[in-house]
Each structure stands twice: as structure tokens, then as C-alpha cells.
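Going by the order they are written in, the chains are A, B, C, D, E, F, G, H, I, J, K and L; count residues from 1 in each one.
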Amino acid sequence: MAVVKVIELVGDSPNSWEDAVQNACREAARTVRNITGVEVLNWTGNVGPDGRIDEYKANVQVAFRVDEHRS
Amino acid sequence: MAVVKVIELVGDSPNSWEDAVQNACREAARTVRNITGVEVLNWTGNVGPDGRIDEYKANVQVAFRVDEHRS
Amino acid sequence: MAVVKVIELVGDSPNSWEDAVQNACREAARTVRNITGVEVLNWTGNVGPDGRIDEYKANVQVAFRVDEHRS
Amino acid sequence: MAVVKVIELVGDSPNSWEDAVQNACREAARTVRNITGVEVLNWTGNVGPDGRIDEYKANVQVAFRVDEHRS
Amino acid sequence: MAVVKVIELVGDSPNSWEDAVQNACREAARTVRNITGVEVLNWTGNVGPDGRIDEYKANVQVAFRVDEHRS
Amino acid sequence: MAVVKVIELVGDSPNSWEDAVQNACREAARTVRNITGVEVLNWTGNVGPDGRIDEYKANVQVAFRVDEHRS
Amino acid sequence: MAVVKVIELVGDSPNSWEDAVQNACREAARTVRNITGVEVLNWTGNVGPDGRIDEYKANVQVAFRVDEHRS
Amino acid sequence: MAVVKVIELVGDSPNSWEDAVQNACREAARTVRNITGVEVLNWTGNVGPDGRIDEYKANVQVAFRVDEHRS
Amino acid sequence: MAVVKVIELVGDSPNSWEDAVQNACREAARTVRNITGVEVLNWTGNVGPDGRIDEYKANVQVAFRVDEHRS
Amino acid sequence: MAVVKVIELVGDSPNSWEDAVQNACREAARTVRNITGVEVLNWTGNVGPDGRIDEYKANVQVAFRVDEHRS
Amino acid sequence: MAVVKVIELVGDSPNSWEDAVQNACREAARTVRNITGVEVLNWTGNVGPDGRIDEYKANVQVAFRVDEHRS
Amino acid sequence: MAVVKVIELVGDSPNSWEDAVQNACREAARTVRNITGVEVLNWTGNVGPDGRIDEYKANVQVAFRVDEHRS
């Protein structure tokens, strides 16, 4: 039996949306073990006056196993 | 880089829906720092036999920064 | 065993959205007993030419127990 | 025949969510005529460090008639 | 005033979907007190080559009171 | 021509979710004739302190023919 | 103050989807007064072996005023 | 590169839902060029006391190219 | 036991949306047997410069029985 | 690289919803290989005059690998 | 008080989805000032006969402040 | 008249989400002709213990014309 817990984070990056998701996963890995997967809920961005996207942001859910050792 | 975490709470109040949301945010502020925002997911209420709303309840998501100090 | 029935109403009020929901619940209490709760599905309003909201409207679901006495 | 146009706005207020919706409708009334109604899509807020909501925000759709005079 | 917190888990079981939800609730009860309710968000399963479901999985939200003792 | 009406109920049972849906259908059959079908909208449950589900609840829509005899 | 009640019906017709909606509204008018509007939730149909649609069906919500006479 | 803009309108007609959508598109064509397509978001109608639909209404999104000439 | 399979198609017609759905069903009947029903997921259309709808399109799901003969 | 295809089926059973899902998966396994998982989209049922559920039905998506052998 | 307006656009690009979103924002910046953010609603693409994506398209909402100067 | 069929696939790639979508389209092009477009339904990924995304996955719908040659 392996119960998984799901937490929601918002990652951001000045470079790309993939990088924003990666940052959210990396941050999650600092505080929880046994991460298994990520799902993107929403893509947003901050936009400067000239229309250039200067901050990529992604709402994600990160899943991690919580009770691997218990049968 | 500023990763944000999102938690879900249900606040309640005998007075109003705005108060219910405020109670949820105040409770969150007791246990987490750097709260940035709130989004209301759902408005419900308990209703007495005479049809009077005697408890206002609100499902909310509260967002807070988790890693401000790390570049 | 307590089966609950759910009906949908639209309440309105010239004063506020909370009052509109309260009116819907009060009207429901005129025709059904054992009301337990209310959930707001949608908030709308009529707006006058100057942009002032002159009628607050709320689509709600009202729940009430229908068979309390039967085990 | 009366065709209606729908625009989306985000209103805000330091006081309440109803006030935030009212501000959005008032702003719309500055630039368009024949406003008929408003629908709230989403309620959010900015929250200070102590958990107090210091800015109420509402995504709304405002509808207005565009061709009343044409049969 | 009773604020409730909501966490998301994925339970699994080789036996049935109800058992998968029960496992998620039991795991939650190991780490949090005052659990009040569960809502199922999604039912999935792993399927073997012969089409037999060999793992029942359920995404659930578990709610628990966080501040019962405070008025 | 056969017009069908749809009502919403919440059934519950201490035994299982299927039993909860069955209770809602049985209750509907006490007050309406020509029931044709049921659709489950939502599965929830009450959970005791030890994480055991002690009440299974299901929001359902029940459909029944209202005017079979009229061509 | 005018509270509106909303009921859900499924109309059908061998001729067209508009006729199916019209049949549902006509059936509603047999049992309730002060109907104000209809909203279509879903369009389905029965299809014969040759691919011809032989029954048009529409899930609709019909709204009617319930308390006109009360201020 | 061809950026498309999307506006939302509500068309109406005493005759049919297709006519209501057509009226919304025709109205859009009065004020914008390069219309490419329409999507129906919602079908509603006004209903008279006898249950007859006397006004067909359709929420639509109309898309039109805004910058065809720019590479 | 009768398992049903569901496929998704987009039908189109220069005449009407009902015709577009009918075309999708007729096309499905060319390649599969035992069609039972159709559900419309989405209504769109191509629009000419004058705002006239010149192509009606409908996303539909068509259902057909796949294993009638097996108990 | 492993691309997965997703098909939609409706399984049914006179016994239970789990059995209905199992029947859909078993039927899928008759015509496709490398099935990996199932997701339930919707639970419905046929109901007899006495309110007893006499047919359990489940809309499901079944996923299967289509190109395992290609890197 | 700062009311924000939201418009919907579809950007495209032969290179990538991020570029498609950037093109939509750049086009918006040609006609409106004070752009604050973008949200992606939908990712689609045109695909050539060999399966190669030859046009990346993104439905986006762009938000911009409309009345900053008015208190 | 051109009827379009829609199939659902899950593509994956160790490199990027765009590559995952491209792989799904390329796999579709192996078995069907006249592909016209792709829509992304969902972005997920497998994540290693260090939080690095090691597999990008995308649920997509691929559309292709099925009856071009028939008027």
C-alpha cells in the first residue's frame, strides 16, 4: 500500500515556463522526499509595458509517497 | 526566484462571508509567514429552520512565499 | 438514514448579495421543513446606466432533510 | 433585436468585495453606455503578513446593449 | 469559530475503491487530528494485460479542524 | 413524447457508497413514479478520529418520466 | 423582492432540438406558473442503425417566479 | 504571424437559436473586419406564460484577425 | 452485459448545426455498427467577412454497442 | 519513448459499479494489448419502479501503450 | 483603486508555444498601455501530414490597468 | 463536407513538453492520414528524488479528416 500526498505550489522563472515548473519541483524536493510526479494546473506570466513576458509562472501540483515502508 | 505554496482552508463566521474568509486568513497567518493572497473557491452556509443563515462558510486557497531568501 | 433533497433558487435584493441569499433561504423555509444548508452557485446583478448595482442576485442550492423519521 | 456585448474587468477595493464589483461597474460605465448586468467570475484578495485582507479583488463580466436602435 | 484545513491524498488498494479511500483516510489520521470528512475527486486504477484491475486508486481531499480550542 | 424531470438528492449509509445511492433512489421512489435513472454527482463521507469512514454520502440526480401518457 | 425557482427537465422530439426544448417548457407550463426563462444544459440524441438521428433530447433548466405577490 | 482577437456577445432572435447566433455575428461584422469564426458558449431563452419560447438568446465568442498585414 | 464504445467526431454543414451533427452520425455509421446515441460537445462555425455563418461545425461523441452477443 | 492511446467505453453490470468498470476493461483487453490504466469519468445507473438500481453503468477511459517496441 | 481590463487573443508562431504567447502579448502592447499579465487558456497547433507541428497557437487573456490615475 | 475524427494520446519525452506533444503527433501520423491539428489537454511529468523532471508527458487530442474524398 502506498499513499501519496499532493501539495500545490507556484513556481516562477525569468527564462521559460518549463523552468518555472522545474523551480517549483526543486523547491518541493527541499522539504519532502519520494516525489513521484507533477501536474501543471495553470500557466500565467508578468508582462512588461512593451508586451515582453518578464516572469513565467506555473501553478503545479507535486505528488510524493508518504508511507512506502508500511505494507 | 520566489516559489509560492498554496494551502486550502474552510473559514466560518456567524456574521458574514467576508468575515469567514478573514478568519481563514488569520488562522493561516498563525502557522505560516509571507502570506500573499487568498482566492475563494466556494461559499456555503448552515441554515436554521426559519431559513436564517446562522453560519457563513467559505472554502479558500491561501498563498504564501516559501523561499524568498534563496536566489 | 437521512436523505437530503436539494432545490435551486435565485434570490435577489436591492441591498447586498448576502441579503439576496438570505431571501432565497427564507422563501425556501416557507414551503419546506428541515433546511440544513445553502451553497451559492453564482453571483449576478442588474446595473443601472451610471454603473450602480441596483439589484443583487444569487443562484443558490438549498438542502433539506426529507426522511428524518425513517431509520 | 438587441445584441449585447460582454467585457471582462477586475475591480478592487480596500473595503469589501461588493465595493470591488461596484468599482468595476462604475469604471465600465465611464466608457460604455446601456450597461445591463454584471456577473462575478472570481473573488480574490491581497493579504498582509498578519492575515488581514487589505485589498478585495473581483473578476467580473459586464454586459451592455450595443444596437438597441436597430430593429 | 472552527477553521478547517483540507489536504489532498491518493489512496490505493488491491481490493476495492472504497478500501483505497479508507487507506488514504487512515494514513491522514496518522499525522493529523480532528478529521471531519473526505471527498473523492477522482477514481483511477492500474490494469493488467488481461484487463483485470489490479490496483484501485482514489484522489481524495481530507478535511480536519485546526483551531477547535480557540473561540 | 416523454418529458423527464430531474431532482437532486443526497443519500447516505453507514455501509457503502452504493448503499448510499440506493437509499437516495428508494427515497425518491416513495414520492415519484416512473423513475428511469440515476447519476452520481459527488462522493463524500464523514470520518471518525481514527480515520475510519463512518458515513458514506452521495449527491445524486434521479430522473423520472412526467408525461408518458400524453403523445 | 422576486425569488425564482429552477427545475431541471429533459425534453425530446422526433423533429429538432428546438422542438425538444419547447416540449420541455410546455410540459413545465402545465404544472408551474410565472415561467421566465430556459437554459439548455446538454444536447443529446438517439441514433438509428443508419446513423439517422431519430430522437432529439435536451437537458434544460426552467426558471419561474415563486413569490411575486409578496413585497 | 496572425494574431486573432476574441470578443463575447449575446445575440437574440424571436425565430431560432441559429438566427440569434447569426444576429450576433452580423452585429460584430458592423464594427470589426476579418471575422474568422464563432463559438457558442451558452443557449438560453425567454419563455412566455404558456411555456412558448418567445426569445432565443445565445452567448457567443467571435474571433477576428487583427494583424494580418504584419509578418 | 453490453459494453458501449464512444468516439469523437466533428461534423460540418453549410446548412445548419443539426445537419452538421447528422453528417457526423452518418459518417460514423459508415464504419461502425450498433450506434445508439450522440452527444454534442461544442458548436462552432466559420464566418465570412459580412458576418454570415458559411460553415456550421459540431464536436460530437457517438456511442455504439461493441459486444452485444456476449453475455 | 512510449506513446499511450486513450479510448472511451461505457461498461455495465447488474451487480456493482466496480464490476461495470471491470467489464469495460475486460472488453478493451479483447481488442487492444498493453493496457496500463483506467479512469472513471462518470457513474450512472438504470433504476426500476421501486427505486432499486438494476443496472450499474460507468463511463471510463482506458489507456494502452501503442509503440513500446520503438525507442 | 486600479481597475484592470481583460481581453482575449490567440497568438501563433511557427517556432514554439512560448513564442506564440509572446506574439499575442506584443500585439496587445501595440494597442493598449499598462499591460500587467497574461494567462494561457488553451494550447493548440496545426499539424502537417507527417505529424510535424507547423504552427503553435495559444488562446490567452491579457490584463491591463485602465484607470490608474483616478483614486 | 469534411468530417473530422478526434483521438486521444499521451506523448512523452525526456527533453521537453513540446517534444512530448510532437512525439504523440508523430505516432498518430504512423497510423492515420490527413492529420489537421492537435490540442493539449494536460501537462504532467515524472520527477526524480532531487526534484528534477526526468519525463515530460502531455495528454493531447489529435484531429484528422476522415472523408475528404466524399462530397
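We take it that a contact is a pair of C-beta atoms (placed from the backbone, for glycine too) under 8 Å apart; a residue touches a chain by one contact, two chains touch by 3 or more.
The UniProt protein names, listed by chain, are A, B, C, D, E, F, G, H, I, J, K, L = Dodecin domain-containing protein.
Note that this is a predicted model, so its numbers are computed, not measured.
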Subunit K and subunit E - chains in contact with each: A
Copies subunit C and subunit J - rotation angle from C-alpha fit, nearest 5 degrees: 120
Separation of subunit C from subunit D, taking each centre as the mean of its C-alpha atoms, in whole Å: 23
Where subunit C and subunit L are represented by their mean Cα positions, the distance between them in whole Å: 44
Inter-chain centre distance, subunit A versus subunit I - centres from mean C-alpha coordinates, in Å: 38
Touching two or more other chains - residues of subunit G: 7, 27, 30
Topology of the chain contact graph, where touching chains are joined (line, ring, star, complete, other): other
Complete list of chain pairs which touch one another: A-B, A-E, A-K, A-L, B-C, B-D, B-E, C-D, C-F, C-G, D-H, D-K, E-F, E-J, F-G, F-J, G-H, G-I, H-I, H-K, I-J, I-L, J-L, K-L
Residue numbers on subunit F that touch subunit E, as the complex places them: 16-17, 42-53, 56
Contact set on subunit E toward subunit F in their complex: 18, 21-22, 25-30, 33-40, 62
Complex contact set, residues of subunit J against subunit I: 7-13, 23-24, 27, 30, 59
Interfacial residue positions of subunit F with respect to subunit G in the complex: 1-7, 61, 63, 66-67
